[in-house]
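For reference, the structure is listed below as structure tokens.
Chain nomenclature is as follows: A, B, C, D, E, F, G and H, assigned in order of appearance, with residue numbering initiated at 1 for each chain independently.
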Amino acid sequence: MNSSPVDGAVPQARLDLARRSRLGMAEAVWGEHKSAAQIAGILRQLANSGELALATRVEATKAEAVRQLLLADPAMAERSDQLLFHADARCLSLGPPAPERADLGPVFVLSGGTSDLPVAAEAELALRWHGIGAELLVDVGVAGLHRLLGELERLRQARVLIACAGMEGALPTVLAGLMPQPVIGVPVSVGYGVSAGGTAALHGMLASCAPGLTVVNIDNGYGAAMAALRILSSGAGAVL
Amino acid sequence: MNSSPVDGAVPQARLDLARRSRLGMAEAVWGEHKSAAQIAGILRQLANSGELALATRVEATKAEAVRQLLLADPAMAERSDQLLFHADARCLSLGPPAPERADLGPVFVLSGGTSDLPVAAEAELALRWHGIGAELLVDVGVAGLHRLLGELERLRQARVLIACAGMEGALPTVLAGLMPQPVIGVPVSVGYGVSAGGTAALHGMLASCAPGLTVVNIDNGYGAAMAALRILSSGAGAVL
Amino acid sequence: MNSSPVDGAVPQARLDLARRSRLGMAEAVWGEHKSAAQIAGILRQLANSGELALATRVEATKAEAVRQLLLADPAMAERSDQLLFHADARCLSLGPPAPERADLGPVFVLSGGTSDLPVAAEAELALRWHGIGAELLVDVGVAGLHRLLGELERLRQARVLIACAGMEGALPTVLAGLMPQPVIGVPVSVGYGVSAGGTAALHGMLASCAPGLTVVNIDNGYGAAMAALRILSSGAGAVL
Amino acid sequence: MNSSPVDGAVPQARLDLARRSRLGMAEAVWGEHKSAAQIAGILRQLANSGELALATRVEATKAEAVRQLLLADPAMAERSDQLLFHADARCLSLGPPAPERADLGPVFVLSGGTSDLPVAAEAELALRWHGIGAELLVDVGVAGLHRLLGELERLRQARVLIACAGMEGALPTVLAGLMPQPVIGVPVSVGYGVSAGGTAALHGMLASCAPGLTVVNIDNGYGAAMAALRILSSGAGAVL
Amino acid sequence: MNSSPVDGAVPQARLDLARRSRLGMAEAVWGEHKSAAQIAGILRQLANSGELALATRVEATKAEAVRQLLLADPAMAERSDQLLFHADARCLSLGPPAPERADLGPVFVLSGGTSDLPVAAEAELALRWHGIGAELLVDVGVAGLHRLLGELERLRQARVLIACAGMEGALPTVLAGLMPQPVIGVPVSVGYGVSAGGTAALHGMLASCAPGLTVVNIDNGYGAAMAALRILSSGAGAVL
Amino acid sequence: MNSSPVDGAVPQARLDLARRSRLGMAEAVWGEHKSAAQIAGILRQLANSGELALATRVEATKAEAVRQLLLADPAMAERSDQLLFHADARCLSLGPPAPERADLGPVFVLSGGTSDLPVAAEAELALRWHGIGAELLVDVGVAGLHRLLGELERLRQARVLIACAGMEGALPTVLAGLMPQPVIGVPVSVGYGVSAGGTAALHGMLASCAPGLTVVNIDNGYGAAMAALRILSSGAGAVL
Amino acid sequence: MNSSPVDGAVPQARLDLARRSRLGMAEAVWGEHKSAAQIAGILRQLANSGELALATRVEATKAEAVRQLLLADPAMAERSDQLLFHADARCLSLGPPAPERADLGPVFVLSGGTSDLPVAAEAELALRWHGIGAELLVDVGVAGLHRLLGELERLRQARVLIACAGMEGALPTVLAGLMPQPVIGVPVSVGYGVSAGGTAALHGMLASCAPGLTVVNIDNGYGAAMAALRILSSGAGAVL
Amino acid sequence: MNSSPVDGAVPQARLDLARRSRLGMAEAVWGEHKSAAQIAGILRQLANSGELALATRVEATKAEAVRQLLLADPAMAERSDQLLFHADARCLSLGPPAPERADLGPVFVLSGGTSDLPVAAEAELALRWHGIGAELLVDVGVAGLHRLLGELERLRQARVLIACAGMEGALPTVLAGLMPQPVIGVPVSVGYGVSAGGTAALHGMLASCAPGLTVVNIDNGYGAAMAALRILSSGAGAVL
């Protein structure tokens, strides 16, 4: 079947390469609604311009397809060992992370249960890739409160706290009632019935009786990391 | 203006007077959508048949209108000192509560904040009016967790716990993670934005990661009390 | 493709093993959003610590994958005949149920139609696994009311009633109007159009005109069983 | 303050006076969003053309304002004793009802509780005003099922059943499971929490497991009456 | 893997076989959430008791699985040629339809577009299977109004009109403004964006400015047929 | 009670006075959430800069308060006869409309029923105030289709059609199926039950099966007028 | 398995072939809920009557199935090279586009990101197929505002602007604040969490503070193109 | 009418007076659902313990009632000149603000339009009352983008940006695409139709394509201020 002329070539993406100088952060590729060809093309563009190349929300089979496409490109083939798939975070990176910034961080990323792990891991990876020290604390949900209370001392070192939770999403509320640092709540689309899709967790965090908790979109681990980056940079008096 | 013949008389309510023998509890009058005349009529019917007469969701001005209507009725006038308005619980009662049942209870009714008080007070009143010992614990919301943790010893005496909370509604979740008794969550329509109307609290309680928490409708303090009554009666091996 | 170092090992789950002594019930594994590897790991941890090991919401193919993983582990292989898949309840158990407690129960679990069976069976299984006598009564929906009315005598033996229903979810309302015991409504995500996902049934149960009905999240058979356990323990004056 | 020229006169309503010959029913005036002047104007137009003049959703004070406006009009003043306000149904009628049609009906209008009365009364009035025999049965809600079961014999005479219910709205479902006639469910906006506004009742009726139940909009007593009229006319083989 | 004892046998469905004598209609099997084994079992039970055996919402592959199961049963094998799959209506029938009732009907079933066909065909089939004459009129949506206006004469013969429509669902409104018969609107889950799932069509029909239109749940072609049956039987003065 | 210093003066609004040169239209004052003082201040600013001064969504009492405030200001007092309150459109204007543009228009504004009038009148007024000829056609709802069909000839003169409708909002769909011009649908928040607030009408218009219908926010008569203005200007090849 | 007689033949679609003369636009085939056989049949009917034959929302595998069906039809086989699949727009066309109309257009179609491309391409294709010059501008989302600001000069040539955006959907708002032409917003169902399904973008566009922006249903690129066509034809003073 | 004994005294609120040492911020009184007596009581408690006493969401008449109650209390009367009502922010304060912290801040609070002012002013007041320098920038909505672009230089001084917007809520998105600091979005419940109640703005901010934007509940100016305080304190390396 013939294809119409306009379909001959995917138009090249118009990347926001000035984002780092303007905002201090790279433009990540949101992989969910993009084809492997689109992702491969954008990663190549980013890597060629010397920018961090990170794609989020990439499932394992799509990641493998991207790798095959890059291998088939002679210019990229030699760099193919720089392509990493981070299965727990569902992310794909090409090229090295930014050098670690000792003056910023650390950020602690907490998750209520094992099922929230992919979102928490996305946040942690995004931070490390921007050079920020980050630590992951899983399974500290409020149904077994002693697990969280036992970690409070350690949490005092954090400059920013990111709390990921599905179900009723009470973890950031309890945390923000106990600790003075900035707390960023990330609702997770883990649940069933009224919590399916993460809306119950989102509303629980927005409605929180704990003062000064802020929230990002459901499952937006990357966004929480970028919010932490803005906070740390503000404290450092300079854009990264 | 003339009124059509059918409007001449309010049809008398068809009360479920057998409810006590069948279910062990009285039929309360839900006053919100009823006129003062309807409430007065039903209270009179209940009192005349020797049943508990309790109306919920009655605002102060409607309560006063009911009192005027009953005073104007010679048969009721002498009993008018038995008419009590419980302002904090927004309830109206006619006649004495049931005698206290020492073998049942106590039930503890907790509330997250001062704004949840009307709902908590409705639950407490409904229990006392059915002869169940009940205690009220206000302002134990999770944003200041030490207030709840400091009461755990005392809560161990309870046979049933009723936890009322608006906003994100995390109190019943935290409570059910700490205590082994039946916990009934009552979402409260206190909040704004995503928590206006109580849906965020309701969903938070239903989505709770704490096992075995049950929930009633938003603001349904009376229903929570009746659920506690069913539990206590089941334990006692007999319908009240 | 290389994987980044952090992906080398799944962090071990932080189980709430003190839950039984604190709350009288085991921590079940919610299998829906977990991988077979995560489920196998947690079941192994639970079984090794002598705790009830029960995973809910496990489909047949994932159950088989868990079995293969456990068989491949020499330490678990000998216990592989203790691994049971309960197809009707979509649950997986490793090791024996708790000994039956003759002083508690029985609980009756009712379902409106054949399609509600998986949820009702999950509740029944969770009760039996905690040592509580439980009986299942299917197809007693209110569109053919005589089927329920014909069972009322038998239902009088129950200490707690769990009523599962999809569609309009009227079964618990009718039941709670007829019987004095604690009634726990479980909305089921069976339906289409306005009842798809179970919200119509959930709202119907919360809005019930029958007094003292409590509700758990949609499809939460396990939660209803744990609520019944709290009620029975409260009556027995002791944590299980 | 001057008013712009276009505001000088309310444009006269363009009534659908051919509706009776086309559909067999009159056009009622939906009074809720109309001013007293608009209602008075339309009632006058209808009465002058010899059509049934009925306005629904008119509160007492607006009804009185309409009466004052009609009294001030010499042409209408003499007919002012034909203006009736039906307080229980919140309706206003001008002129006589249609003559009774012995070959059609009767229709039974049931309501779950006293609070549903205004909607049930609107349906009953609209039927009588179109010449159809109608009977009202209040307080037959399913929480006290014996009240409904005791009326089944009497209900067998009905040609059509209209069942009004708020809260969880289970009455039409139970009724349609017991009786073979057409059953029209009318959800009522009586309730609080999840049932506020009548959506829970509406969804319960639409999701009903009873076969062949149909539904109209929340609080639409008038619409249910017109649906009954269509059914009765269809049976009679002729448009009224 | 061993299966627990309770899984050995599917409990036999408790059919409402008295439904025909009580309500004049058979109990259809709602096939969507049932396994092929459950459907085969219920069809067998129904056919053995001499009742209409009709299953709705059965996809082609599940239908084939049911046929294989019945063929494998010697008692049913000889009747396997009585098993029909109605692909357009997604229904499965076993045994003959009821004899045609010349005194009832006809019913016209209209659909807005080709995509609404499965729902319209389900209604038409259910009517024919109960012995009611039914006619199907497709593609009469309101965006090309002349298609509907050209059929009005023919529609005058109908005793009941069933109008199926997705998208904005305006067809029943326009129809009920033009014709005096009972009109039953069936919203169809065909659409995208705001009309995905059929809610826009449902709300459009409930909110209709045309008087006396009634509505069933989204995609509920069977329910609309049963409502038509109730209407026709009421007109005939007798239960079918 | 003292007021804090910051409350001493309302900060002066930062008007977008370049809007006309940029977009060809004036900035109207949305009066709903503004105080009389804020409205008076902005109208004064606009009038002083020679710009159209029009405030929408102003109720009668607020309009009068604005007039009093302007009268009290000597610089405005002499122009107070230029202040007009348009009761049917709930708008307030200060100063003359723009001169009529004979090359643009006309626009026809249709409304389904009398209750939609305020929104239709707002659109008509906003057009006339920008110099566009506009005509109002009320009571052409689809339940009495002949009223619309009878006006088709006249509608052919229109350059743009604006169709306002509440309830199920079918008018723009039927219109766009009959006429070739641009049709802008304006959902109106008139209705009850599922149509309360206008969402059913909005969704009906967005889901329309008629091609090329566009929609504005509920009750946004002003926005529809501005959209028509953009269309007419585009046709004229020039910004007004 | 036998199929019932009614299933023997798909009823032929009743096309609205007069749509072009009435409205100036062709009836496109909405392919999403139709089978390959239905699409092939309708394309054949349209092509045979000399009308534009365009099907939207056709995935690649369904497109291939349609091609196979048409190839198997001798009458169509020779025209099979006229069948084009437009992968980026998910559309299928049979036969040539309409001749270009130099007096109309151009229309610019903008998209916020690469993920919005399918919707933007559908709009662009539908315009070109009706003979309207159209240009596509991708990746001009507001998070990198300079990309849009850099194109403003070029955008001044457009007669109509179509702006497609998912996520928060702010692009049409910013655009309509900068440019005077008609702006049609197309929300795109690209996003996750609160933006999944496109409702956040839809509401953002409807709620826009920019005056005169109109909106079509989520993902409705074809509808936006038809709205542009209505606008251009209105300007040209004639139906195409 | 007698009042029941339990109503004799309002139970004294259990304040979280340790909040400042734990979290670095005071507990504000959320005045919306509290009576004047409750607010007066809590302000008195706070002031007596030397803590910041600030009540939010207090309307003018309730504020006056609080003042009367405090005046009637001899112990408070002398401090009554310390009671300030901040009309623009709808807040009530008793006693002096915290001393200004030169090392922290400044924070800029932006609002899209005049109608968003109360929320922006609440944020600004809460900051100043905690000793943080704060500046208010109103009317910089994106429909007139030049107003925001003209302020970018000045905004570079800010340590944190708080952006309040109703309607479509695009301001924080545009801002976060231009500036590197932490941006906290505050949706405002200003709007109508789909934006009534602020949900459209909330979803727009959560769905934002700009990276690292965080959000608080609708109208929660106080919460945004406390989030800014957490950020500033984190940067300062110490709890305030």
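We adopt the following convention: contacts are C-beta pairs under 8 Å (C-beta built on N, C-alpha and C of every residue); 3 or more make two chains touch, one makes a residue touch a chain.
Predicted model only: the values in this text are computed from it and were never measured.
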Inset, instruction - Write down the chain pair with more C-beta contact pairs when C-E is set against F-G. - result: F-G
Legend entry - Most distant chain from chain B, judged by the mean position of its C-alpha atoms: G
Legend entry - chain F and chain H: spacing of chain centres that average the CA atoms, whole Å: 34
Inset, instruction - Take the average of all CA coordinates in chain C, do the same for chain D, and state the distance between these two points in whole angstrom. - result: 46
Inset, instruction - Would you please write down the residue numbers of chain D that are in contact with two or more other chains? - result: 143-144, 176-178, 193-195, 199, 202, 206-208, 211, 217-218
Inset, instruction - Using the touch definition up top, name the residues of chain F that touch chain G in the complex. - result: 22-25, 27-28, 159-160, 176-184, 202, 206-208, 211-218, 222-231, 233-236, 239
Legend entry - For the chain B and chain H complex, residues of the former touching the latter: 63-64, 67, 81, 83-89, 93, 114-115, 117, 121, 124-125, 136, 138-140, 143-144, 146-147, 190, 192-196
Inset, instruction - Would you pull the chain F residues touching chain E in the complex into a rising list? - result: 112-113, 141-145, 167-170, 173-174, 176-178, 191, 193-195, 199-211
Legend entry - chain H contact footprint on chain F (complex, rising order): 1-4, 6-7, 10-11, 13-16, 18-19, 27, 30, 32-34, 38, 42, 57, 187, 189, 197-199, 202, 217-220
